[in-house]
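Got some structures for you, see below.
One chain, chain A, appears in both complexes that follow, with chain B as partner in the first and chain C in the second.
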Partner chain A sequence: MEQSVRRANFLVWAWTLFVLVVVYLPIACGALAGLSKSRYFGFPVAAWSTDWWTRAMASIEVKTIVETSLAVAGVVTLVSVVVAFFGALAFARYDWKGRRLYQKLVLLPIFFPQPVLGLALLLWFNAVGVQPSWTTAIFAHLVWIVPVVTLVIAIRVYGFDPALEEAAADLGASRLFILREVTLPILWPGVWSGALFAFLLSWGNFPLSLYTTGADSTVPEWLYAKMVAGYTPMVPAIGTMSTLAAASVLLVGGAIALLLRRRAALNAAPAEG
Partner chain B sequence: MTATATALPAAPATPAPVPPAADAKPILQLVGVRKTFGSFAAVDGIDLDIREGEFLTLVGPSGSGKTTLLRMLAGMEAPSEGVLSLRGVRINDTPSSERPTCLVFQSLALFPHMTVGANIEFPLKAKGVAAGARKERALALLDLVRLPRSYYGKNVMQCSGGERQRVAIARALSHDPEILFFDEPLSALDYKLRKVMEKELKDLHRASGKTFVYITHSLEEAMVMSDRIGVMQAGRLVQVGAPEEIYSRPATRFVAEFMGEVNVIEARRAGGVWRAEGIGELKLIPPPELEGADAVAVVVRPEFLRFVDGDADNRLTGEVFNEYALGSRIQYQVRAGAKTYLLELSRAKAWRGEPGQAATIGWDARDAIVAPLA
Partner chain C sequence: MRSSAAAGTEASAAAPRKPFRLSRGALAALPVGVTLALGFLAPLATVAAYAFATPKTFDVFRSFTFANFAAVFDPSNTVWTSFVWSIGLAAATAALLAVIAYPIAWGLTRVFGRYAGFVSVLFVFPLFVSENVRLYGWTLFFLKNGVLDGTLKLIGLSGPEVLYTPGMILFGMLYVYLPFMLFPMTLGLAMVPRDLVEAARDLGASRLMIWREVELPLAMPGILIGLLLTFVLAVGAVAESKVLGGQSVIVITHDIEIAFTFAQNWPLGSALALLLTAIVSALSLVALSKLDLDRILGRR
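On to the complex of A and B.
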């Protein structure tokens, strides 16, 4: 009995380790490539250098693309969270005529192949005479990201008891007061995860940006272009930085959530009246 | 936490109950109120005067429309037909936020992200009352519902079922409504705690002087607390009256059967004589409104049925086949023909026979209730 438990534990650990290695080994290789002195990556690494990291940091070109990516992801996050919040209420909270159709239509863009969606949007921008730039990319990202964020927030909305809003109104609260004091605070965790999703999906998006940024360039686009022509270890260096940045966004998000929960628990501790 | 419920401080002195007089002005009046969902009428024409300061309980089986009726009174549903008026003013379309009423939900609907204090203060905060005054009021309400003041800062989700109940009631009271509605708020509690809360609600009603309208499917709960009881069946009110009246003079067979375990005997009149299947000739005293009827339901409560060896207006012979001890009382099941009768005696007067034995049982005409057959 004891032995079989130990064996099962061992197998679980071994499998977990195997999966982690399979997932992270390629990323680690990329990171190593960025730290190699030679122009082309070979294993084992002959000579180490942080040269490409410093060069990437100093490059004005890199600064521009990072700023573009940040601007696009920032605006996309803000707009998609606002739109998706109310979209999620319509999706999961209220019963209205045409809700079932809406629930299906809103998911459609997620299943549409992104390169085709990007090309279609580019053709459409041309048709209406809009010059593609990073601002049109925001629009393109929204088409795909708003449905995803709507779904993420809707999951939280499904767990929301509508009786709470009814009770609040019954206690004399106005709609705005209810939104501020009851609905939003309870849905906050959903809104937070929606915002994280929006940022990361926009930050890492390549197919939509490729067609719709015009002369501007985001980080994934730039990486792709450099891999096709003019490769230097700056490409894996920036790839690594991008990954680390995204990971820290997640970590900071997690830390904020933890802090909020800690504070709520502290508030809830029995206080003498 | 049952400990909190049982180890309560002494109940605050409450003034002697003043049952609202029958001619008291109605605070809430319903005239021909209906609510339909598609072709289904959940509430099917209700006329009712709710008197100021009374404890009115609406009882009925699930699906009888009592929750829908309560939601209309609270302003969460609009009546499809009829008039709802508060002190003579029509309020059919007044939203719940503008009615001087408050509903304690079956789920309680406490705000899970707030402390006990913040929950109780919610209606005050919505009105813009200053923080200091809010807290003072919340602490006073904690006293009133007999929760320790230290609960002010406690997370509401960490409270037990009975404690949450009290928080919900305190929150409703902090809104200071004229009428409080209760939608089966005790149904999730265990039996012992429910009994405690029933009595406390009754106390609270007296202490607050407000009008309470309560719904439940448990007639027992209704009998303990109410000044008046309304019995609902399929969207209609079949009888409204004092608990004693409902118990001793049920208007219909449905009401009688809803009151608890009863023996119902169908009687028909032929040639001026009442007869029942399996019994034969029957003595009964129909109420004036049933004088002309040719078929009635005779309702005999188990405690009015007895083993007879001497006189009884009505009697029948059957086989005693089951015996249940109910603590201070004992119930017997007696089979006669296709029918089973339930008979209840106090333990002191227990039957001396053995199950399986034949026995004659009977009742007197004045102890039976004669109700319409339908």
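On to the complex of A and C.
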């Protein structure tokens, strides 16, 4: 029995590692292509060069699309975290009449194909006479990212003991004081993870941006345009840079999340005991 | 259990100022509600309105006709093949991903222990890299003189010509939508109490029997969410067929996009989009109405 369990565990590990290799293989291929000297990709890479990286860094066009992407992701993060914070309280904390219905409504945009949502939004903007630009893309991202962040924060809210808020209220604390001194510190790790998700999902989003940015362009969109027509190794080079940027945000953000969680656990321990 | 406890504390706290507390949940839900009403329901309503407008015009809200649907269902129109392709590819994606993700989800809940968090992050991260970049990586891999072909040439073989085929589109969908199966499934498997499995084993149940009679039924909500999510996302997917499929297959979202862009026939595109939306929402609403989200998400 013991041996068969060990064999099963080994197989599960082996399969998982194999799938992980497959998951990261195309990302590695992109990195290779961005570092090869020749204009057309061939393997094994005959001559290496960081030329395309330097060119990408110097390009003004690239600077503009990066700025657009950052602006979109930044605003999306701020707005979605605030909206989703209260959304998550309504989702998991308060008992109210429409809660069951609301929980399902929140999920609908996640359970919807994004390219179709993007096209529907384009039609809607046109119907109300709004010219699509990077600001409308912010709105489009929010439709999908607010529900995701709501779920991320809601998971944290489920583990939150409402008695803490009640106790503070019994001691005469005002509602704002409770929010600032009790609710927020406990939910902070969830809020932070939500912010991380919001930023990174917006940064990497392609299907919603494609139809809703109008004449402006985000990084994934620009890369797609170049893949279709006008490929140079600058395309995989910028793709790799964008991936590395996301990875560093995740790494730094994850480290902060761990710290916050540890601190929240420390703060909660005496209160619960 | 949780909801009854919450209801108790809520009721006792609500006693002194009842009218205010009653609407607190609704108040908190308001910003999300407004976002979704303006950004989700209103656009879909616009699509519905356009679907009944005169073909090849922009006469929305001023004309009402079934001509667009007649055009879609006209036997001489081959747009139905796009629907068949999309639904077929999506069904295959959901079914195959269930098999691919199950051992990994099982590992995340039972085997990986303290590595589980790190392994999850590794599976989440690709979601932050846009799918066209990742799919393009596969083109570089399978391309003539690409990574696979180039490696095989070193030992005197040559790579298979799989690029721009329907099979490659399916592969791309499996690749892109894996996390959307894996994480709901992991949540589902985490809901299976371990002592129940132990008890079944002590009573002499075989492994297959434990899996079929205990593990699978208890994990079903999570698995169902995974199946639903991967199906609805894949049925509307377009990047896979564009980047990896060449023009070998036109999926339904591609048809919709063509109607909206080159063809400038918004009413026809809207009719197609509305049909696709009907399929997606019928499935989602039926499945979601059966799920208890508090139980699935609350258990941590």
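As a working rule, the second predicted complex is superposed on the first by the 236 of 273 C-alpha atoms of A that agree within 3 Å, B and C clash if a C-alpha of one lies under 4 Å from a C-alpha of the other, contacts with A are read in each partner's own complex, and residues count from 1 in each chain.
In the analysis below, a residue touches a chain if its C-beta (ideal position, glycine included) is under 8 Å from a C-beta of that chain, and two chains touch if they have at least 3 such contacts.
No experiment lies behind these values; they were computed from the predicted model shown.
In the superposition on chain A, A:Gly239 makes contact with chain C only, not with chain B. By the touch criterion defined above, A:Glu166 lies against chain B and chain C together after alignment on the C-alpha atoms of chain A.
By the document's definition of touching, neither partner reaches A:Ala215: not chain B, not chain C. In the overlay built on the shared chain, the residue A:Phe177 is in contact with chain B alone; chain C does not reach it. In the superposition on chain A, A:Ile186 makes contact with chain B only, not with chain C. When the shared chain is aligned, chain C comes close enough to touch A:Leu11, but chain B does not. With both complexes superposed, C is the one of chain B and chain C in contact with more chain A residues. Annotation: chain A residues 163, 166, 169 touch chain B in one complex and chain C in the other. Those residues of chain B that touch chain A in the complex are listed here as 74-76, 95-98, 101-103, 105, 107, 109, 111-113, 115, 117, 122-123, 125-127, 135, 139, 142, 149-155, 158, 171-172, 175.
Contacts from chain C toward chain A in the complex involve residues 2-3, 6-7, 9-10, 12-13, 22-33, 35-36, 39-40, 42-44, 46-47, 49-50, 60, 100, 103-104, 106-107, 111-112, 119, 121-123, 125-138, 140-141, 143, 145-147, 149-151, 154, 175, 178, 228-229, 232-233, 235-239, 243, 253, 256-257, 260, 266, 269-270, 273, 276-277, 280-281, 284-285, 288-289, 293-294, 297-298, 300. Within the complex formed with chain B, the residues of chain A that make contact are 161, 163-164, 166-174, 177, 181-182, 185-186, 264-265, 267-273. Chain A meets chain C in the complex at residues 9, 11-13, 15-16, 19-20, 22-30, 32-33, 41-44, 82-84, 86-87, 89-99, 102-117, 119-124, 127, 139-140, 142-143, 146-147, 150-151, 154-155, 158-159, 162-163, 166, 169, 200-201, 203-207, 219-220, 223-224, 227, 235-236, 239, 242-243, 246-247, 250, 254.
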